[in-house]
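As structure tokens, here come the structures.
Each of the next two complexes has chain A plus one more chain, namely chain B in the first and chain C in the second.
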Partner chain A sequence: MLPASLIFLCIVIAPIFISGYYSTLEWDGIGKGVFIGLENYKNLFFGDRNIFYGAIWNSLLLAALSVFIQLPIAFMFARLLAGGIAGEGFFRTVYFIPVIVSTVVIGQMWLKIYNPQYGLLNQFLESIGLGNWKQQWLGNKDIALGAVFVPLLWQYVGYHILLFYAGIKTVPQELIEAARIDGASHLRITFNIVVPYIVSIIEICVILAVIGSLKTFDLIYVITGGGPLHATEVPTTLMFNTLFHRVNYGSGSAMAIFIILECLILTLVIRYIFGRLSYDN
Partner chain B sequence: MKLIRKEFTLAALLVCAMMVLGGCQEKDGSTESASSGDDSVKIKVWTLWTDTTDDINAVAFRKALETAKTDLPDFIIEHDATENEAYKTKIKTAIAGNAAPDVFFAWGAGFVRQFVDAGKVEPLDQYLTDGTTDRMKGGANTNFIFDGKTYGITFSQWVASLYCNKALFDTYDVNIPETYDDLMQAVKTFNANDVIPITVGGKDKWPAMFWQNAFAVRTAGAETCNAALAGEASFDTPEFVRSAQLLADLVEEEAFVDGALGLDYNESGALYLEGQAAMYYMGNWFAGDIAGHDSDIGKNTVVARFPVVPNGEGDETQYLGGSIDGLSVSADSENKEAAATVAKYLMEQVARNLAAAGEGLPTWNTEDVTSEKTNPIIDQVKSQISNSTGYVLAWDTFLSGADADDHKNYVASIFGQELSPEKFAARMQEMNE
Partner chain C sequence: MIISSSVSISTQRAFPWKKNLILLLLVAFAIIQVYPFLWLVLFSFKSNSEIFGGNIAGFPQSWLWGNYSDAFFGGKVGLYLFNSVVVTGITIFITLFTACMAAYAITRMRWKLSKPVMVLFLLGMMIPLHATLLPLFLIFSKINLLNTYWCLILPYVGFGLPIAVFILSGFMKNIPLAMEESAFIDGASVYRSFFLIILPIVKPAMATVAIFTFLGSWNELMFAITFISKQQMRTLTVGLQSMVGQYATQWGPIGAGLVIGTIPTIIIYSIISKQVQNSLTTAGAVKG
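The block that comes next holds the complex of A and B.
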């Protein structure tokens, strides 16, 4: 245990505290930092022309979509797969492929799909006679956010399918058979037996989906870089920009600390809600 | 599978350990001393020249390293290259941790300034008096001079030009634009014929920024631009408002490719190379892409100066560009004189190798070099700037950090029609206050 704890302490816990310290400095990362207390946090939340709230809102929206759209889709597929359809193993693998592929590759692929001149999506719309539906998917600030959410949600569906699938497989077959003999419909079995049985898996999936959404970075960075005009900015892309382009380590660290706290608090809230749920049951 | 996992874990652990150890070493502030076993001095050189097949600068640098082995027998040059974006982070981290190499690639003006201000860069003036200055073109190191001291040596300059697809201009009977009115006329004609008038990669922000910067060179003139950037003149003047207004008018006229803010540099350049867009305003490095592209675009390209505007302060001999790429010597280097010698040698040789290859715009006197081949596009650029009277760097390289980022966002907002030209000028002036 000791070596593992040490490494965990050095690599995970210590940097968090160091970031906490940096967030109280006005520092360009090279010279000497000046201690300015909570000034960075003040600027973050009450500064002029604030774009941080927009970024937080985008990430919360993504978290909500993830929980209420991505997870139900994943559950549906998992239930179908676990019900023993033909080619179960094949589909399980296929759905999981986007999870294994590097995010940068996925980002590049979707860039090609969305490209306004030769992109797959516009070409497809054109070919089925919906030419006037063609869009500047990533160049229009009103639809860019929706356009980056699609690959984000799509990529990790397979991951949740696998978790749900494993959960559903643990539901005792005799329970389901007994219910079926008593005349329960497929839907009824799903909601009265399967869902309550795997509620702990659902909790894990919800936590992973929410946390994953709040700290999402790579795919957005590759596809839009937070643009156009900050339309797809999330806290992590802002943080990266603040740290490495604006060379403001204090403010960037304050954002990092905010993201950590945000994740912690939301995790606690979700656990509380699920705790109540299982208590009620 | 299990074996692979084990190896992976082991590798991950090793990486972690290296990071921890590296961190400790940096904190000590100790730099490795060259082994004194023999007489040769080890000089560490970091650059961003990774791609030695397509990147003309990298090829020229690789050649310079080869000749250094015979020309500088007393030195062992340890070269380490990192790709552009990663390099920026790497060199910043190294300098912050007192682990900078002896010689490192730097961009003049805003980028190197943060290191100079922190006292991490060695002034090179005493090493340049050996005739080096005479072998360089006048003002070649301007962007590395702070408080009268020279902190870096350049090898080439860049300049932005308006690349025009002559075939498209001929097809629709449009003249290559010399004035802003010509440009507007061309835009209207191309739009009427479903040809993209101008392509620009707004996702990367800086290509979009070029347009406002170039208009400012025309409306306010190079001298005023440089003064305002240095904080010695105001941005909130009618000339700078006009630079943004002219751009806003172009946007209004739909001069730029649809969805420009979602296209990156490569995607936007491809539209020009594939003959779909008529005009592209870009630095001379794009000449290499044109010459290397497998189509007629090389034959069809006419290099034009940025259009002049009526009653502007700047005429057609002023350019967006300058000499900003160079090598600097670390103030922590244990052997500064040797490091300076290596830096001087490498930069001169890179300039000469570029001249020999007929590429780039060297900042050294390379008239005595016979070029093995020529790039007709770069020759057009060269003949245009032969009478240059002023240069303004891309503003994001002159400014630094938050100012540079803000500036790029402001110009992007003009492209997005979210910021009025008056507000643009006022916000730029906020940086100077």
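The block that comes next holds the complex of A and C.
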């Protein structure tokens, strides 16, 4: 008992409070920090606001795309898979591959896919006669964000497919059979029987998708590092750059604390919404 | 028997296009999920002149195995691989060992703080690791732990523990108390019953924990780039990042390095894909 609690307290819990303390300092890492109260938070929200708000906006946009595009796609494929098709296990295994591969590998691979001259994407466009669609996918600040989102959504779609699949498999077959005999269409069965039955799984997927989006770091760090001109910045990359490139420990720590609170609050909000949903039903 | 098979044939005949459409969709999606990796493997065997000469998507004209030895020795991917194996191995061992003991204490022993401790671990699952980055960096630098294996192992264990404890204690709760009681009556000590009765039974749960601990620490990037600056100590994720910088425009060795870094994961996955899927979805479900 003791070793686990000790490691956990020292490595996870204590640093959170230390971060909270740092966030009240003006400190560039040299010498001692000066206590300035909530000044760092004030600067984040009311000071040089564009970059920080932009970063929050980007992560919220990612969360929305994840919930409203990635999850429905995942659900659709899970439903198709669970409907008893040849090679169920094979497809599941294949869809899951990107989930287990290191984000660094995924990121570097997509950097090559997006390479303006020799990348797979531009070459493909050229070969099907859409050469004028070719882009500097990651260099153009208007499309870089979209270009970064694609691999993010692509990597984890298999994860949600598997969660949904496991959920759909728990729906009693008799229920579906009975509805089918009563003449219910595939779509009706899906929305009136399957979806209500797996609400708790849907809730888990939504929480994972939202929190995962708010915490996303690796892939964006590898692909763009937040650039060009902060176009793909999210709170975590901004925090990282503030801490270790601009060496502003106070402001970076304030962002860290913000990220924790943001995740906590949104988890509670999602829980509340789903609580109401199942109450209404 | 005859009737049921004829029914299934007739329903298949009724909707062959539907079945085929679904299959087509599934196959198309599988290609989207896998083709990029295939492309990566293909270009890892090519020379620059071939890639930049127009053969980007096709098979290599000559398979350049040299790219792999370049990446392994010149790009030091072999060294990074070794470091990752050490860090991940020790992380898994310590996580399993301490989490088993903690779960045992929480589920099997009566003491005042058992509930609050569990709640604390549960809260720990929701904490993003970003918030601990700077404090850990400063603490590790003060006690000269940066650029050692331990500065990665400790946080990986710390963040792996909550889910590990949760899954293991959920599993231990279902072991009938009677089994242990009879052991105690026969004169076994707590430790003996822990090692000889509990551990063998929770093996499947331990496999679950081991797999997600493996993936978590093998693929972790943020702590690794912050805490490790010496080349000698780099793990795969940081190492691959620096290798890409080193080879800049030479796609072949870069691709080879990325493939080498992925092979261990793929090997494990191809042997026990089912357990890997279960492990990650269990961990995810617990988190959500």
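As a convention for this text, the second predicted complex is superposed on the first by the 269 of 281 C-alpha atoms of A that agree within 3 Å, B and C clash if a C-alpha of one lies under 4 Å from a C-alpha of the other, contacts with A are read in each partner's own complex, and residues count from 1 in each chain.
Just so it is clear, a residue touches a chain if its C-beta (ideal position, glycine included) is under 8 Å from a C-beta of that chain, and two chains touch if they have at least 3 such contacts.
Bear in mind the structure is a predicted one, so any value in this text is a computation, not a measurement.
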Item to complete: Figure out whether A:Glu126 sits in contact with chain B (first) or chain C (second), or with both, or with neither.
Response: neither
Worksheet item: Can A:Asn248 be said to touch chain B (first), chain C (second), both, or neither?
Response: first
Item to complete: For A:Asp28, select first, second, both or neither according to whether it touches chain B, chain C, the two together, or no partner.
Response: first
Worksheet item: Given the superposition on chain A, which partner contacts more residues in chain A: chain B or chain C?
Response: C
Practice prompt. Using the touch definition from the top, say if A:Thr224 reaches chain B (first), chain C (second), both or neither.
Written response: first
Worksheet item: Is A:Glu177 contacted by the first partner chain B, the second partner chain C, both or neither?
Response: neither
Item to complete: Applying the touch criterion given at the start, work out whether A:Ala144 contacts chain B, chain C, both or neither, answering first, second, both or neither.
Response: first
Worksheet item: Now for A:Ile11: first (chain B), second (chain C), both, or neither, which partner does it touch?
Response: both
Worksheet entry | Residues on chain A lying within both footprints (that of chain B and that of chain C) | 7, 10-11, 117, 244
Discussion item. Residue numbers of chain B touching chain A in their complex, please.
Written reply: 13, 16, 20, 88-89, 92, 95-96, 114-115, 117-118, 120, 202-205, 258-263, 267, 271, 276, 400-402, 404-405, 409, 412-413, 416, 418
Worksheet, complete the sentence: Note: in the complex, chain A contacts chain B through residues 7, 10-11, 28-31, 114-117, 136-141, 144, 224-225, 227-230, 241, 244-248
Worksheet, complete the sentence: Per the touch rule, the chain C residues reaching chain A in their complex are 19, 22-23, 25-26, 29-30, 32-34, 36-37, 39-40, 43, 51-52, 56-57, 98-99, 101-102, 104-106, 117, 120-121, 124, 126-128, 130-136, 139, 154-155, 157-159, 161-162, 165, 215, 218-219, 221-222, 226, 236-237, 240-241, 244, 251, 254-255, 258, 261-262, 265-266, 269, 273, 276-277, 280-281, 284-285, 287-288
Discussion item. For a test of understanding, state which residues of chain A touch chain C in their complex under the given definition.
Written reply: 1, 3-5, 7-8, 10-16, 18-19, 22, 77, 80-81, 83, 85-87, 91-105, 108-110, 112-113, 117-118, 120, 123-124, 154, 157-159, 162-163, 166, 201, 203-205, 207-208, 211, 215, 217-218, 221-222, 236, 239-240, 243-244, 249, 252-253, 256-257, 259-260, 263-264, 267
